[in-house]
Structure formats: structure tokens, C-alpha cells
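Both complexes below contain chain A, partnered by chain B and then by chain C.
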Partner chain A sequence: MGTVKHILWRLLNIVPVLFVVSALTFLVGRLTPGDPIEAQFARDHTPEQIEAIRASYGLNLPLWEQYVKWVRDLFTAGGGMSIVQNQPVFDILGPNFVNTLILTAAGVVICAVFGVLIGVIAGTAHHRLPDRLAMLLVQAGSNLSVYWFGLILIWIFSLQLGWLPVGGMESRNGGGLGDLLAHLVLPGVSAALISMLVLARFTRLGIIQESHSDYVRTFTSQGVPRRRILGKHIGRNILPAVVNIIGLEIGTLITGVIFVESVFNWPGIGTQLVNAVNGKDYTLIQGGVVLVALCYLLVNLVTDLAVDALNPRLRR
Partner chain B sequence: MALFSVEDLSVTFRRRGHTTTAVRGVSFAVDPGRTLALVGESGSGKSVSLLAATGLLPGRATVRGAARYRGTDLTRLSPSRLRRIRGRRIGFVFQDPLSNLHPLRTIGAQIGEAITAHERVGRAALRRRVLDLLGEVGIRDAGRRIDDYPNHFSGGMRQRAMIAMAIALNPDLIVADEPTTALDVTVQASILKLLRRLQESHGTALIFVSHDLAVVSEIADDVVVMRDGEVVETAPVERITTDPRHEYTRELLDAARRGAAPTRAPEVPAPPAAGKAPLLRATALHMTYRRPGRKGAVTALTDVSFDVREGEIVGLVGESGSGKSTIGRIVAGLARPTAGSVALRGEVCNEPGRGPVRLGRSLRTAIQVVFQDPYGSLNPRRTVAATLADPFVVNTDLPAAEIRARVEELVRRVELPASVLGRYPAQLSGGQRQRVAIARAVALRPSLVVADEPVSALDITTQAQIVALIRRLRAELGTSFLFISHDLGMVAGLCDRVVVLNRGRIVEQGPVGRVFDDPRDPCTRELLDSIPGRVARV
Partner chain C sequence: MRPTKRGRLVAMGIAALVSALVLAACGGGNGGGAAAGPQGAPKAGGTLVSGLYLEPLALDPHRQAYWETYRVSSNIFEGLVKEELTDTEGPAKLLPALATKWSVSDGGKVWTFELRKGVRFHDGSEFTAESVDKNVRRVHDPGYAFYDKTSAARLSTWFADLVEGRVVDDHTYEFTFAKPFLGFPRILAQAMSTLTIGNPATWEKYGNDGFADHPSGTGPYTFVSRAIGDRIVLKKNPAYWGPKPYLDELVFRIIPNNQTRLAALLSGEADIISYVQPDDVATLESRGFQVPAGHGAALLYFTFNFKNKAFHDKRVRQAIIQGIDRAQLAKEVYNGNAMPLHSLQPPGNEAYDPQARDFGYDPEGAKALLKEAGYGDGGLSFTIVADVANQNLAEWLQSRLKAIGVNVKVVTLDRPNYVARAFGKPEPDDGLSIDEYGGSYAEWLHQVLYTNIAAKGLDPADFPEIRDAVDEARYTGDEDKRIELWRKADQKVREAAIAIPAVSLTRYYGLGPNVRGFVYAATNWYDLTKVHLAG
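Up next is the complex of A and B:
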């Protein structure tokens, strides 16, 4: 009962945050110079006609009324009409948003698996060669830019070795899950890189710290094998921290993915949002930002609930 | 042949080119079924030699000499063969039972781990064995407590759980490293009794490490006295307590006797004028807690009223869970009572309500706190000078040079060398850290310092020094102290008046001499009887 109540309360908390996010994006859009209607129609329409077009989008109303109308559209009219493409915003963003989520998910999996793996290798070999090598990798990797790293990956694995596709989401003749996975590898790795290294650092540090704790000595003194202490007890104790960092890094990943999409020509919402910004397509920008913010909030919520569930001292 | 012997053991640590020798040529032996005690103050190498002998020493240490278990030299065994001896042949009990247990695993799972490390046992059988063990170490209602986490257990129960782990596979030898130091006297007495009983029923040998000769005299057959990494004296316990040969043994013995039969503090300077409000008045304090996930509330305090007069040291005693620390927290304004109030010089400074207690600047600086663990209450990344400057920076507008002068004066006042100013807490000894914490508390000349078990984490000689410091600060600054302790010997030697608590109620209060010589409440009598060595010597 307590848990359900808690989750509902946390879900309810998302509402005010979304309100602030939507109000801010709305305002920032309106307060920057430039007018999408003028830009599109000024050349071949009279001022009266432009006014009429403006009125048809509701752009002549006071700001707060525009905001209220837009929020209503979010729920009833697919996020309102795109000013440039003349289609409901969610119809435009929908399919591409799914693509972005697929890429993000791939990034998260790569980040979690390899981040933890590198961290465990380094942490258990503290001060020895594998640790030093892993940390060198982490140091160097943390300073790479996503653009450059993506291009290098394409050059090595696509152009030189020919193992993986250069970009896009599927081959021309289409084809199945295997094809999708092959297309996911390189963009997934580039999106995950920084987050993976951050996670590796925290995992390594957690293992090193826990290895020196008293309870590890207790288990050692009872003759519990080192491997079991590491896997079962140290692992259990750093798990909440690892989950927490993965949750935070998913946020970073969602934003990072937007850059990766342009390098790998991935059909996600990144490209669309950049175009929308250039064309001052208010409704499209707002719709995109609200979608990303909602994902972010949900991920945070799930992370918090998972971390709470992993700590018996906080269990309700 | 001895069951376990250490022969000419030396341990050196290397750190950045420096080598420190922690243990030098130590030898001792224990026969089957006997109890050997290693005694000495902290840093004397007691624990290090045992950890080195059993291969549990962390970090880079060089171990020379031999540690033989039934003739096998443990220092030469491979890790996997050593692992098979640990737990099955030699069990361990460590000092701080909270940090020594995994915080996120149930007590039952951890005890089970000690068994499954060496044997294949089915789930149901394992659970039955763990339940039996919990019963054997005296945990009541084991069926319900087996799935609790360590934070649900009291200090004494955690120590019992650790003992259950140690005896799980019926080893020939148990190594207990300060197993009762973090516990209060009544719990300590029951743990000692438990160890003795287990030893008798299973014929287990015991190596018992302690800084307290009084405790040791209750349990040991033979005693090894250590100082600065060397053995200074080895003898049967009767000879150590009646005819100590080494000067250091005599010092330890004196310290232990002082603890049990303390010299009385001088009486309060002048009784305050009648009618004048006392410095601190706690009136009818009640405190109840709600526990998450459990029904009902826990009552921590019931109708607690007492006064602290100007310049007075009042002792607050009782066993763990009696509500001492709760009172300290309420007096210090760190928690609000459920009912009742606290007034400083007649002005109410804490009463029921929501949210943290908010006080004006004068009240805020009038009451200060010193906690038990000086390491936990000092910021590890700030130097002593920075830590001591904080009260001035936050509460005064003094210029930097003046603050520096005040900090230097404070350090002198608590008898620390000026060289500590640039050091970090990790570079100080436990006693030095507690001096820093005390210096911080008295920095702004508070009227009252709440000291919550300020010496119980320290060894006995350091304890005496800190107590002397508190007495001197009272004489020099006129500061009153609310001294919370489970150590009656300490309270008797330091305090003017004492308040005895049991289960959140005051059972007795009065001048120290009266309460200790003529205890009226059975709880007080029981507390007095649990002082180790008291019955034997008085």
C-alpha cells in the first residue's frame, strides 16, 4: 500500500516539473527574434494575408492564451500543428522518436555492460597492470568528442574493415533484427562512450572502497572465497550506486544521442529538432522538448524507485 | 603442543618509502580450551599481530616469523588452504559489530554464509542451523529476528550475531578482537558470560584482545601485555593482577582500578542561590518515534525532568537504548521532543513542533555538542586549523588574523601541539581528534557542552586524559557539561550529579556520592554491579 501511494505521489510530482519545462520552452521560443510566418510567406503575401495566417495558428492571441491552447493541443490535437510542415507535431515526431529511443536503449545497454565490466576489472586489480591500463583508457576516452570518435569508428570498422554499415538504420533491401543490430553497434558505442567511462570509474572506486571495509574482512575471516565476497557481497553493496549512475547517465545519453544521429545519419528526432530550430517551428520544438523531458523524468523516477527498493533500510 | 602459537612475529608496513615496524618479535601460545588475553593500549600491536598471523592484514605488510595452528605455519600457506582453516578451525569476532556486518544482507544470510563457505547445506537445513546458532548466542525470538538487517539489531545483539558466525562451524579457536569495547557495561557483562559459556560447552580456546585489564581479569587464564609492538610481560592472570612485574602492567592495572573505584571529584563550587533559574531546565520531556513499515510507535523518553546548574557537570547514565542520547539530542536542539520543553536560563529553546529547531545566535552558540566518534564528526578533508576557525567565521565578524590567534589559543587550551593545525583528522590519534572536537565545542565559550559518550571509543589511558581536560575546562571557563556515558566509573570520577535512566525514564538522580554509595533503584544497582572487576576487588 505504502509503495503504491509513494509511486502515485512521485508520478504526480512530474506534473509541476513538466509545467515549468513546457512554460520555459514556450517562452524561450517566443522571446528569441525572428518570425516563422514572415519567413515563410512574406515574399508572396500581403500583410493582411499574413495576419490571417497568423490568426489561423492562434499567433495573434496574448501569450498566455497561446500557451493554454498549446497545452490543450498536447492532449487533444497531437501537440498542435507544425507551423512549417502543417501536420500534427506528434505525427511528425512519433516514428523518429521511437528510433531515437532504440538508439538510446542500445547506448544504455552498452554503457551498463561494458562500464561495469571495465570497472570490475580495474577495481579487482587495483594498482596492478589491468587497473592502470583500464584507467588510461578511461582518461583518454573521457576527452574524446562524440563527432570525432564516431567518424573514427566509421573509418576503421566500415571503410577499412568493412564489418559494419556506415550509417542509417537499415540496409536498402531491408532486413530483420540482425540488420538493425549491425546498424546499432557503431552509433550505440559512440553514444555510450562517455557515460560508460563515467560508470567504469564509479564501479572501480566502489569496489576498491568496499574491499577495504570491515565486513569484507569478516567474510574473509570466516573463510568465504574471495570471488564469492566480490560477486555476492561487494556487488550487492555497490549495486544501488551503479543503478543510480546509470539512471543519471541515461539523461546524458538522450542528449548525446542527438549528436550521434547526425554523424551516423540515424533517422531520429535529433535532425528534426535541429531543422525545427532553424525554421523557428515553435510547436515542433516545444513538442520535442516536452517528449524528451518526459522521458528524462520517467527514467529518474524509475531509478529512484529502483534504488529505494535495493536498500532494505528504506523499504516501506 | 600448543593449539595456536605465534613465534617471533614481526610486522612492518611500507608506505611511500617509509617503513614502520608495528610488531617486533612477538611470541605467545594458547593451549586447547584455554583463554589467552592480549592487553595493551591502542597502537600496541595486539590486533595487528593477530591479523598478520591469520593473513587478514590489508595492504602491504611484511610479516616475518611464524604463526602455527596445530604445527602448520599459517604465514606460509597458500590463500586457498588458509581459507579452509579460517572460519572452520579459527573463528573471528571483531570490535565494531555494525561495520563488520554487511549492511544490506540479513543477519541470517550472513551467518549462513559462514557455514556455506565450507559445507554444502540445503536451504532448509541451513536455516535450521542458523536458528539454532541464534538461540545458542542468546538472541530471543530468533525465528522473527533471523530475517532482520543489522541496523535493526542493537549493539549487543549484533555482537551476539558475530559470535554466532564465529562459532558456526565449531572451531577450535576463537579470536575476539575487542569484542566488548563498543558496548555498555551490562551488555559487556552478558557477552563475556556468553563467551565463557560457549567456551566451556565446546572446549574452544579463546584469544581475547582488549585494552582493559579489568575485563581481561574476568575471562583470561593467561595474559600477554604488549606495548609499542613488543611483549613486555607474559603471565597467568592471577599473577598479573596480584604481582605485576613490569611498570607498564602496573600502569594498566592502576587505570583499570581507577575505572572501577574512582576518586571522587570535588563537590560543586558554590550551591546556586535559591530561586534563580538553573542554567538548563528540562521539563517533562517525552519522545516517541514512528518506525517506518512497523506498526505503533516506540517510546524513547517518558517524563524526563532534570536541571543543570551553572558550572556543573551532570552525568547521564544508563544502558544502551535507555534514551541517554535522545536527551542529548533534544538538549542540543538536534531533535524536538514530542512533549515537554528545554529552557536555557529561563528562556525556552526547544519544544514540540515541526521541522528543525531554530534559535537566535546567542542561544545557538550557548549549547555545543561533542560526539562519540571524533572521526565521524570532523570533516576529513579539512585541516584542524580550518575546522577550528569555522565557529568564528560563521558566528562572528572577527578579522582573519584575530581568528588565527583564537584558534592557536584554543589548540593550546586543549593541550595539543601547534603542529596539529596543518594536519587532517586522519593524521591524528583518536585522543587528539577528540581534543579537536572539544576545542571546537568550547570555541565560542558556550554555557553548556553536551558530550555524548565522548571517551568510549578511546583507550583507557586516553580516556583519563580527556576526562582531566573536561574537568580543567570547567574550572577555567566555567562551562557546564552534560556528560552522557555508559561508563559509571568515568561518571563517578568526573561528575557532580548523576541522572540514571532506564527505558526512557529517570529512575534516580542526585549527587554522585549519594547515588553510587547508596543506590536506591535496582537498575542503578545492576549498572554498578556490571562494572568489570568491581565485584572481585571491592
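Up next is the complex of A and C:
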């Protein structure tokens, strides 16, 4: 019962946070220089025409009125009309958001599996060759630019070897799950790279620290097999920390896939937000930020609940 | 843990090195594809994938903007008149489209169009004078239930003087303007702010905002689907009234990243890409890809901030023009991928005059003029405001103007901020800004003066000789003199040193080895109905 109450309380907390985020995004858009109508039309329309077009989008109304209308549109009119694209905001963001989630999910899987694997190899082989090699990889990889790394992957695996597609989600004559998975490999690896290496370091460090603790020494002296100590005790103890890091990194991944989407032409929300910011498309920016913020908050909530569940000391 | 600043620098260095190697490797290859073969008999069928460099805007005939949008929508919608896009040199000839004939009366004020019979919209409904009337009312008649304010504001560029549109009979339509408008047919063949014909049944069913989700016209291709950020799919219109296009399906994929778009062409994922970077031309050609080059009907030009008093003095404006060597600019900033221009009417425009000259490069003369105007060496200083994309150019101008004793500060901003400052609220010290635009219609001169340059503080009333010459050209009733009058108006603009025409940039499309029939026409879009695939 307590848990349900706790979850409800946390969900309720999301409302004021979203209100602050939406109000801030709205204000930052309006109070900084630049205007979507001017940006699109100033080059070949007279100031009177621009004023008339602005009025046709309701941009001449008082700010509070525009805000209220937008919040209403969020619930009733698909997030309002995009000022540049002339389509309802959620019609634009919806399918793209799903695509971003697919890419993020692939990134999380790659990050979790390989991050933990590298960390475990390095941590258990502390100070030996595998550890040194893994740490060299981590050190070099952490300094790579995702943008550059993506282009190099395309060059090697798509243009030179021809194994994987250069970008997008679907081949010319493709379709189906296999085709989608082939398109996910390179962007997934690029998106996961930095987070995966962060996770690898934490896992390694956790294993090394735990390996030096008293209970491990006791178990070792009692002849408990090393594999069992690692799996059952060390693993159990570092798991909440690992889940916590993965949760944090999902947030990083969602925002970080923007670059990856650009390089691999992944039709995701990042590309749309970059377009929106370039054109100062108020409604699209606002809708996008609220969507990403909501996602962030939900991931945080789920992570906290998972960590609580995994950590008996915090169990209610 | 995260990339440090130094880490990023190192990575960028490596990136530059590897990019160079990539280019060298590609350039050294003996060609992946077959060279463009001789033209065989066109074969119908197949899907063409076109990689666009930006997301097209609404597929709505009266709300559309951006040339990349029109490269898609011109396959769906048609106007009463079209431009022949088979000519690489301008100006494009005007051809009948949804109108078969047109005539002008009352000294250029009344235009009568005979409409093509037997044309059907994509939903099967018939195209008649009534359809044209509903298109006119959507953008001009506040009494119409589907009057669209935003379209009306956009189209007022050319339709503000429209007094009446009238259905004469089922297949005749008449426009009456308050003043003579001989440029009207060519304006009807343009992409934006003009009366391209959409299917009225669609906005009557889905509303004005819903039209772009269900675009319907009379064009050679019909709309199938659109996923924003990904692709737009069109298929051949079996009931098309005109010559049937060859390709069964057109897929427009949105690939904004220049490198990824190039890779899509190289790997065969795309057949045509727009906006090929000049540095990639050699790579493509060495691998058997076709890279048609052209100028379109556009130019890069610099405008003065007339709100800055220094530029009220013609000597100052002229001195700045004389301080810039446009041939050198084309060479140094664009590696020769640009054509120096001396008039605001670009190549491809019906009033383009290759002989037109303003003030030639003369740094000594420029210094003398500045001195005469009261600005000795270092006496004049101002800011160049530019879009970040034009930073190189702005810095080049800074160094050249330094040579005639002008101190220039460069401020580069992202697009919305650039427009807000250059067009909206310039700082008092702002001097020059940089823009690119143009069209094939002579009225472009009127448009640039009354929009871009007027936004920078120019009041045409302060230059009566220019205002009168432009009015005379725009409202002449004498077809034989029209182009000559526009050239005269342009001469007045040049003589008064109102703006600085700079260059027309060379643009490239990339085509797969098996693409045939593509022509880089002398305007800002292309015709895909003549394109076919070999082999």
C-alpha cells in the first residue's frame, strides 16, 4: 500500500515540474530575439504582410493568452499548429518520438550489456592485461566526438565493407524487423558509446572496491568459489548503483541521440527539434521540450523505484 | 569522463585527417559505377529516390515556401501557366498548363484564361472555372467560408491589386487588376505567393489547416504518404492530362546532413541528391556519378542598413561597392564556384542583362570617395551582420574593406537571430547584411526593393527616380517595352548604389549513374516528369 501511495505522490509531483518547464520554455522562446514568421518571410514579404501572417497564427495576442491557448491545444488540438510546418505538433513529433525511443532502447541495451561486460572483465582482471586494454579503450573512446565516430562507422561498415546501411530506418526495397535491426546497429553503437564507457568505469570501480571489502576476504578464506562471490555477493551489492547509472544515462541518451540522428539520418525527435529551433517554431519547440521533460521525469521515477526494489536496506 | 575541450580538439584534428584520407581514397578509386552512357530510348517504370537537404514545408499550394518544398509539390499541383524546364540558359519559356491560352485587354488590367478541358483532380472531380474561382476566393475573398488568412497575406505580394476574379463560362476565367500587370502569367508559373491550383473539395472536406495532410491537385503524381523527418512518397497519376511521366513512384527522403546525403547517393540508397557541396563534386565524378551544375535564378547580395546615417551618403555606398572585387570574392571565398554579378537581376531572370555593370573594383577611387564624404583612413566603421553560414564571406569582406580604410566588425548569428537583427531591429552601428534569393520574373526587382531593402530602412520615396522607374516597369501596358523598362529601373538602382549584387553561386545536384533525362534548368527547381532510369 505504501508503495502505491509513494508512486502516486511521485506522479503528482510531475505536474508542477511540467508546469514550470512549459512556462519557462514558452517565455524563453518569446523573450529572446527572433520570430518564426519574420525568419521565414522577411526576405520576400513586406512588414505589413508579415504582421498579417503573424496575426493569422494568433501571435499578436497578449503573451498570457497565447500561453493559455497553447496549454489548451496540448490537450485538445494535438499540441497546436506548427508555425513553420503548418501541421499539428503531435502529428510531427509523435512518429518521430517513437523512432527516437526505438533508437534509445537500442542504445540502452548496447550500453547495459557491453558496459557491464567491459566493466566486469576489467574489474576482475584488475591490474592485468585485459584491464589495461579495456581501460585504454575506455579512455580513448570517452574522448571521441560522437559525430565523428558516426561518420567513421559509416565509412568503414557502409561505404567500404557494404555490410550495413548508411542511414535512415528502411532500405530502398526493405522493411521488416531484420531491416530495422540492420539500420539500428551503427546509430545504436554511436549513441551508446559514451554512456557505455561511463557504465564500464563504474562497474569496474564497484567490483574493485567490493573485492577489497572484508566480507569478500572472509568468503575467500572460507573457500567460496570466486565465481560465486562475484555473482552472488559483489554483483548483488553493486547492482543498485549500476541500475542508477543506467537510469541517468537513459536521460543522457535521449538528449544525446540528437547528434546521432543527424549523422545517421534517423527520423527522430532530435532532428525535428533542431529544425524547430533553427526556424524558431514556438509551438514545435514547446511541444518537444514538454515531451522530452515528461520522458525524463518518468525514466527517473522508474529508476528510483527499481533501485528501491533492488536495495533491501531501502525496502519499505 | 565526458569529452573535455582538449579531447574534442584532438578528436577534431583526427577527424580532419581521416576526412582527408577518405576523400583521397575515394578520389583515387577507378570508379564504382559505370559512366553515364548514351541516351537510350526512355524506359518507363521504376522508383526514383531523391535526397532533399531540408524538410519541405506544408504541401499546400498557397502556403508553400522554400524551393525544396516546390521540388516536391510541383509534382502534385500545377498552375495555369508553367515554365519550360528543359533549358539550361534562362529565361525559361512560358508554356500552357491548366490554361491553354491567355490574353490581356484593357491596357494590361484584364487577363482572360481559357482553361484546359478534360482535366481531373486526383480525387476524380473535374477541374473547371469554378475550381479556379474557389482557389482565388480562398486567398482573396474574406466572405468565402474557406478564406485562409495566412495564404491571403502571403499572396498579397501579387494579388493586392486584384479587383475581381470572375467565372466567364465553365472553362474561361477572368482576372481584373486595378493597374496593368503584364508580368502576371510568369508570376503564375512561380512557386511561392502565387495561385497554384489546389483541389477545393479537399479544403472543403478537411479545412484549410488539414489540406497539407491530404494534398490534392491535378499534377502528374498523386500523394501517397508523408512521414515528417523521413520521407514523402508520390505515385504516378494514371489519369494525368499531359504527357505521362516515366517513373512510377517518387520518394523524397529528407537527409539534412551533407555527408550522410552524399553517402546515400554513393551507396545507391538515393538516385538524386540536392545541394551537393562543391568539395564533393570531384569525388562523385570520379566514381561515375553525374553532377549537373547551374546557377538557378538567384543571387547573393549585400544590403546597406539605411537606418545607419553613414549610408545616407551615396559616396559612402559607392565606395564600399568599389572596395569589393567580386571576381576575387568568387575565387577566394567560393573556390570559383560562383559567378560575379553586377545587377540585382540574376541569370535566369527574364530581365537579366549580362552586360549590366555598376561600380567596378577601384580601391583608390573608393578611398578618395570616402575622404570626400568626410571619412579619412579608419574614419568609417560599422558592423557586418551575417548568418553563421556566411561567416567566411563576412570575414573576407572585413579584410577587403580594411584595405580601403574601413574598420569592420563581424557579428554572426543563427538564422532567426540574424533575421531579427538585420530585418527587424538593427544596432545603430550595423552596416551590411548578407542575403541570397531571386527568381526568374522581372518583378523580382520590385520585390527585393520593397521587402528586403525596405526592411533595412530604405524608403523608395527618398529615391523618386527609382520609385518612378520601377512603377513604370511594373505597371506598363506595353508588352514590347516591359523588359527594357525593368532593365532601365535596374540601371537606376545600380546608379544610386542601393545594394551590392555579389555573386550567383554555382549549385550542384548529384545523380546516380543510371539516371537519365535530368536537366538543371535556369531556375530554382527541376522537372522530374522527363526523368527515367536506364538499365
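Keep in mind that, in the parts below, the second predicted complex is superposed on the first by the 297 of 316 C-alpha atoms of A that agree within 3 Å, B and C clash if a C-alpha of one lies under 4 Å from a C-alpha of the other, contacts with A are read in each partner's own complex, and residues count from 1 in each chain.
One rule holds in what follows: a residue touches a chain if its C-beta (ideal position, glycine included) is under 8 Å from a C-beta of that chain, and two chains touch if they have at least 3 such contacts.
Computed from a prediction, not measured in an experiment: that's the story for all the values here.
Contact with chain B, but none with chain C, is seen for A:Tyr215 once the two complexes are overlaid on the shared chain. For chain A, the partner with contacts to more residues, out of chain B and chain C, is C.
In the superposed model, A:Gln272 makes contact with chain C only, not with chain B. By the document's definition of touching, neither partner reaches A:Arg227: not chain B, not chain C.
Once chain A of one complex is fitted onto chain A of the other, the partner contacts of A:Pro165 are limited to chain C, with no touch recorded for chain B. In the superposition on chain A, A:Arg313 makes contact with chain B only, while chain C stays out of contact range. Touch criterion met: A:Phe264 reaches chain C, while chain B stays clear of it. After overlaying the two complexes on the shared chain, residue contacts for A:Val84 are found with chain C alone; chain B is out of touch. When the two complexes are overlaid on their common chain A, residue A:Tyr57 makes contact with chain C while staying clear of chain B. Looking at the complex, you find that chain C touches chain A at residues 1-4, 7-8, 10-12, 14-15, 18-19, 22, 47, 49, 54-55, 57-58, 60, 63, 65, 149-150, 152-154, 156-157, 192-193, 209, 212-213, 227-230, 253-257, 259-261, 263-264, 266-269, 414-417, 419-421, 423-425, 435, 437, 447-448, 450-452, 454-455. In the complex of the two chains, the chain B residues touching chain A come out as 54, 56, 58, 79, 83-88, 91-92, 94, 96, 99-105, 113-114, 117-118, 149, 151, 162, 165-166, 168, 292-293.
Contact residues of chain A toward chain C in the complex are 32-36, 38-47, 49, 52-53, 55-57, 81, 84-87, 91-92, 95-96, 99, 142-145, 148, 151-152, 154-155, 158-159, 162, 165-169, 171-172, 194, 197-198, 201, 262-265, 267-268, 271-272, 275, 278-280.
Across the complex, chain A meets chain B through its residues 2, 212-215, 217-226, 228, 233, 236-237, 310-316.
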